[in-house]
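Two complexes come next, and they have one chain in common, chain A, joined by chain B in the first and chain C in the second.
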Partner chain A sequence: MSVEAQDRVTVTRAVKTVVIAESRLSIDPDAVSGDEPLNGELLRVNSFGFVGMLVRLEDDLGVTLPDDLFVGRTFTTVDDLVSVVLDAVEAAR
Partner chain B sequence: MTGLPTSWRSVLPHLTTPLPDDRSPDHVAGSGIGVNLPMELVRQSIQPREYWQIPDEVLDAYRKFRPTPLWRATGFEEAVGAKVPVYVKYEGGNISGSHKLNTALAQAYYYKRAGVEELVTGTGAGQWGTALAAACALFGLRCTVFMVGSSLARKPYRGVLMRMLGAEVLASPTGTTKVSRETRGQGNSLSLAIGEAVEYAAGKPGAAFCIGSGETYSILHQSVIGIEAIVQLAELDADVDAVVGCVGAGSNFGGIALPFHAEAAATGARPPRLVAAESSSTPKLTRGVYAYDQTDATGTGPLEAMYTIGSSYAIPDSHSAGLRYHGAAKLVSAMRHAGQVDAVAVDQVEALEAGRRFTVREAVLPAPESGHALAAAARLAADGAERGVLVCVSGHGYLDLAAYQQLLDGELSDQAPAEEALLAAVAGLPRVEGARL
Partner chain C sequence: MTEQLLSSARAALHAAPPVGDPAYRRYCGALAEHLTSSWPLVLKANEEDVAAARRRGLPPVLVERLRLTEDHLDGLLRLIDAVTAELGPATTPAPPVPIGDWGALRKVPKPLGVVFMVYEARPTVTVEGALIPVVAGNSVLLRGGKEMAATDEALATAVHGALVSAGLPAGLVTVIEDPDRSVFRALLRRPDAVDVLIPRGSPALIDFCRSAGSIPVIASGGGVNHLYVHGSADLARAAAIALDSKLAEPSACNTLELVLVDEHVADDFVAEVVRTGADVTLKLGGGLKAEPGGGVRIAELASHDLGREFLEPTIGVLPVPDVDAAVEHVRRYGSAHTEGVVSADDAAIERFTRGVDAAAVVVNGSLRLHDGPTLGLGSEISISTGRLHVRGPVTVSALLTHTWVVEARGALRAERGN
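This part shows the complex of A and B:
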């Protein structure tokens, strides 16, 4: 598996783990699909919990998320968040 | 000689319990999630890291007015019958005339770095609006300020100064926002001005709302006040057992007081009494409840755990617009609840009289808000403190001379809330778990 592919697996799992915790659910991360809405019937992430999630992801993955990725941007699905974190991981490499 | 601090100091690592999580409004599925806060401000609000390096650009701006002076106010001591020394830390010597510039500069820097083009805010007395206008001018951002209309009418030169700095200044309620039309100008005037700013920023691309007092990151930026004061007191070989600041939401109080808490926690020493001086017309820390309440009038933000007299309570007009806020910052509230912060309420007549005496004996004119801190310091210095009192004079009063005129004319009065009105305003608020009711 390439480094990029490994990164995607790691980041996807980390993102799913934090959104599950933020939604106060006890389910397997594999049960959450990439196109699952962050703020929908299953996941219940809101903007106030979202910022705390970002800091947890930084701590968990050892990355720094850039400021300009977030201001004025809207996140709808799990994959939206995975994409941003993955960019930060790759930028740090 | 005191130097300029190169780091802010957070008290978060020294809290006995974590800050209560905010409560979100009722869940509405289907909407996307946006974050209008630069990541560094998010980190500063959450991470229990003690020291945060001040960016070079912000340090360069601080050098224009910091370190601020600290002196022993011997004339004031005599005027109020003090039995222990009173030391004053003065934050009025900058373009905004108050401590507010300490966080305005930091916030403008972080928002600019995040790609924001315009900052929007609400302001009561105008000190925060002026500070943000100045910071935006320095960092090349547009600035829009919603100022409480009654305050702007009383202090038109605040508006002139903000406009001179390039800001657009709007008297709140404007009638042009949904929140101002729905409230028809009733209720809490500062939270309405803030609510108008929130709504305006949300509908404008490239704009972001920012706020100057109650947020944990704002209090962090204000820690330069206390950090400097600790060093300056040591240089004077002075010792204090009480530290006083006035409280609107809590940033100047947090700035002067919380570094003393952090220093004591880090060294194992006993901290001085940290005394929050609030207006008796907005007595959230002395007569309010510890509950989840709104931070502004839109009702779209999170409910924060705070000592509050109720965001729906119509606070009577006063000369201390900077103290006319219904709740205390969640950080200050949590420390109050933990018994680490004391609070006293001060009438505006007593506050302005303390300000007058200070002016006469120290040749510095304090803002009416700061008069509350001086009155509380005078009480402690006369009875209560054993070694010394440090008080933060958070701003100057050159644009508040109408208030002093009323004092001289014997026309000032006080309006403490009736118990029934307070009970009604907090009746529906969910109490923080474990809080005394």
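This part shows the complex of A and C:
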């Protein structure tokens, strides 16, 4: 597996774990698909949790993410969030 | 940076007068005066933050949460009044207790120490944090979001003015101006210098604070709260209790998520809720069916709904065979925050209250009664679901520890014969 693919797997798992926690759910990350809406029937992610989500992601991924990573963007699905975090992780390396 | 913050907070703690000193009451009065006189400046600074938040593209809901008004000042002044009234009872030492024929034991209240509060985008928490822990003699480090930096700076000026007017060290309250998360992380790694961590915010933030370091945490873990309706209950009253437990503040931590109802009365209970016509969604599980009515919407309860906070006017309803099944469900899915039982059967109530482990169990009443002022316990800074030191409303008295002062009058252990 390439480094990029490995990064995507790691980031996807970290993002799913954090949105599950933020949605007050107790389910396996594998049960969340990439096209799952961030604010829908299953997940309930809103902007109040951005600071907590950032520090959790930084800790899980071992990188420093920009303060404004989630600001001024529109996220609809889990994959949208994964893409932004993945770009930031690659930029941080 | 971190070292300086910690050393000045500790120095202020040591310089502060003992718990119960009149200076803390003076501080309450001075804080009310300074907040009132500086409120126009606070609002001006808040306008800057709100404008900056809009420019940065923060969602409208977050911008609104950031905004302060005159109403917020009124609320803070009421809080200060309440805390002033609670201060005496909360901080007065208990009378000495004789120890045999040789001495006396005094339990003397002491502050917890240096308290680190971290919270997200709600400027009134800055004042709550500068009030409730401080009147118990604690030194606080307050870390709000960078979105409220200008507001916090204006509030810090008012707070420091009040501390100095009251004769207290200004360093008792430090508003951390550096928004860099590395400062936050560095503080979490200092259990030698920070005595207590109080996070207020999202589940991700609280989980992070709980797992990132070894500083004792006082935190609410969110409320996955249940109401068990026993077969003996007055079902109309049970419906009213369920709705009162939810509708006034659907995203509060003490709100209701799931009703566990004895299966032989489940249909009737649902019918009672529908009859109210309240503006609520009922998510029905276990094969329950109902038609919507008035504002009551009907949906299906999914398996992932068990153990979740809906954060909206939605209540799940799940039939259970008996009280033991209800207890079992709460043990599996509850968050040890607030649980309730509605029943006319004392044995069922006793079985539920003994079997369920939570910060509060409400018998025949709304879950939203679990609130420090409502219970007469005092103003609270949060509701703790922790197992040690404090559980339930975190009031002034919960932000104290104590020293046992042993008045030994020259006694020797060797003379005691043990």
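Operating definition for what follows: the second predicted complex is superposed on the first by the 86 of 93 C-alpha atoms of A that agree within 3 Å, B and C clash if a C-alpha of one lies under 4 Å from a C-alpha of the other, contacts with A are read in each partner's own complex, and residues count from 1 in each chain.
The rule is short, and it goes like this: a residue touches a chain if its C-beta (ideal position, glycine included) is under 8 Å from a C-beta of that chain, and two chains touch if they have at least 3 such contacts.
Everything quoted here is computed from the prediction, not taken from an experiment.
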Worksheet item: What is the contact status of A:26 with respect to chain B (first) and chain C (second): first, second, both, or neither?
Response: second
Which superposed partner A:88 touches (first chain B, second chain C, both, neither)
neither
Practice task
Quick one: classify A:51 as touching chain B (first), chain C (second), both or neither.
Solution key: both
TODO: Could you say whether A:41 touches chain B, chain C, both of them, or neither, answering first, second, both or neither?
DONE: both
### Query
Which holds for A:78: it touches chain B only (first), chain C only (second), both, or neither?
neither
Practice item. Go through the superposed model and pick first if A:67 touches only chain B, second if only chain C, both, or neither. Key: both
Overlap of chain B and chain C contacts on chain A, residues 41, 44, 46-52, 54-55, 58, 64, 67-68, 71-73
Contacts from chain A onto chain C in the complex sit at residues 18, 21-27, 31, 41-42, 44, 46-56, 58-59, 64, 67-68, 71-73
So, in the complex, the side of chain C touching chain A is made of residues 56-59, 61-62, 65, 120-121, 145-146, 179, 181-182, 184-185, 201-208, 212, 222, 224, 302, 304, 307-311, 333
Given the complex, residues on chain B that touch chain A span 22, 24, 27-40, 42-43, 45-47, 110-111, 113-116, 205-206, 208, 302
Residue set of chain A touching chain B in the complex reads 37-41, 44-52, 54-55, 58, 64-68, 70-76
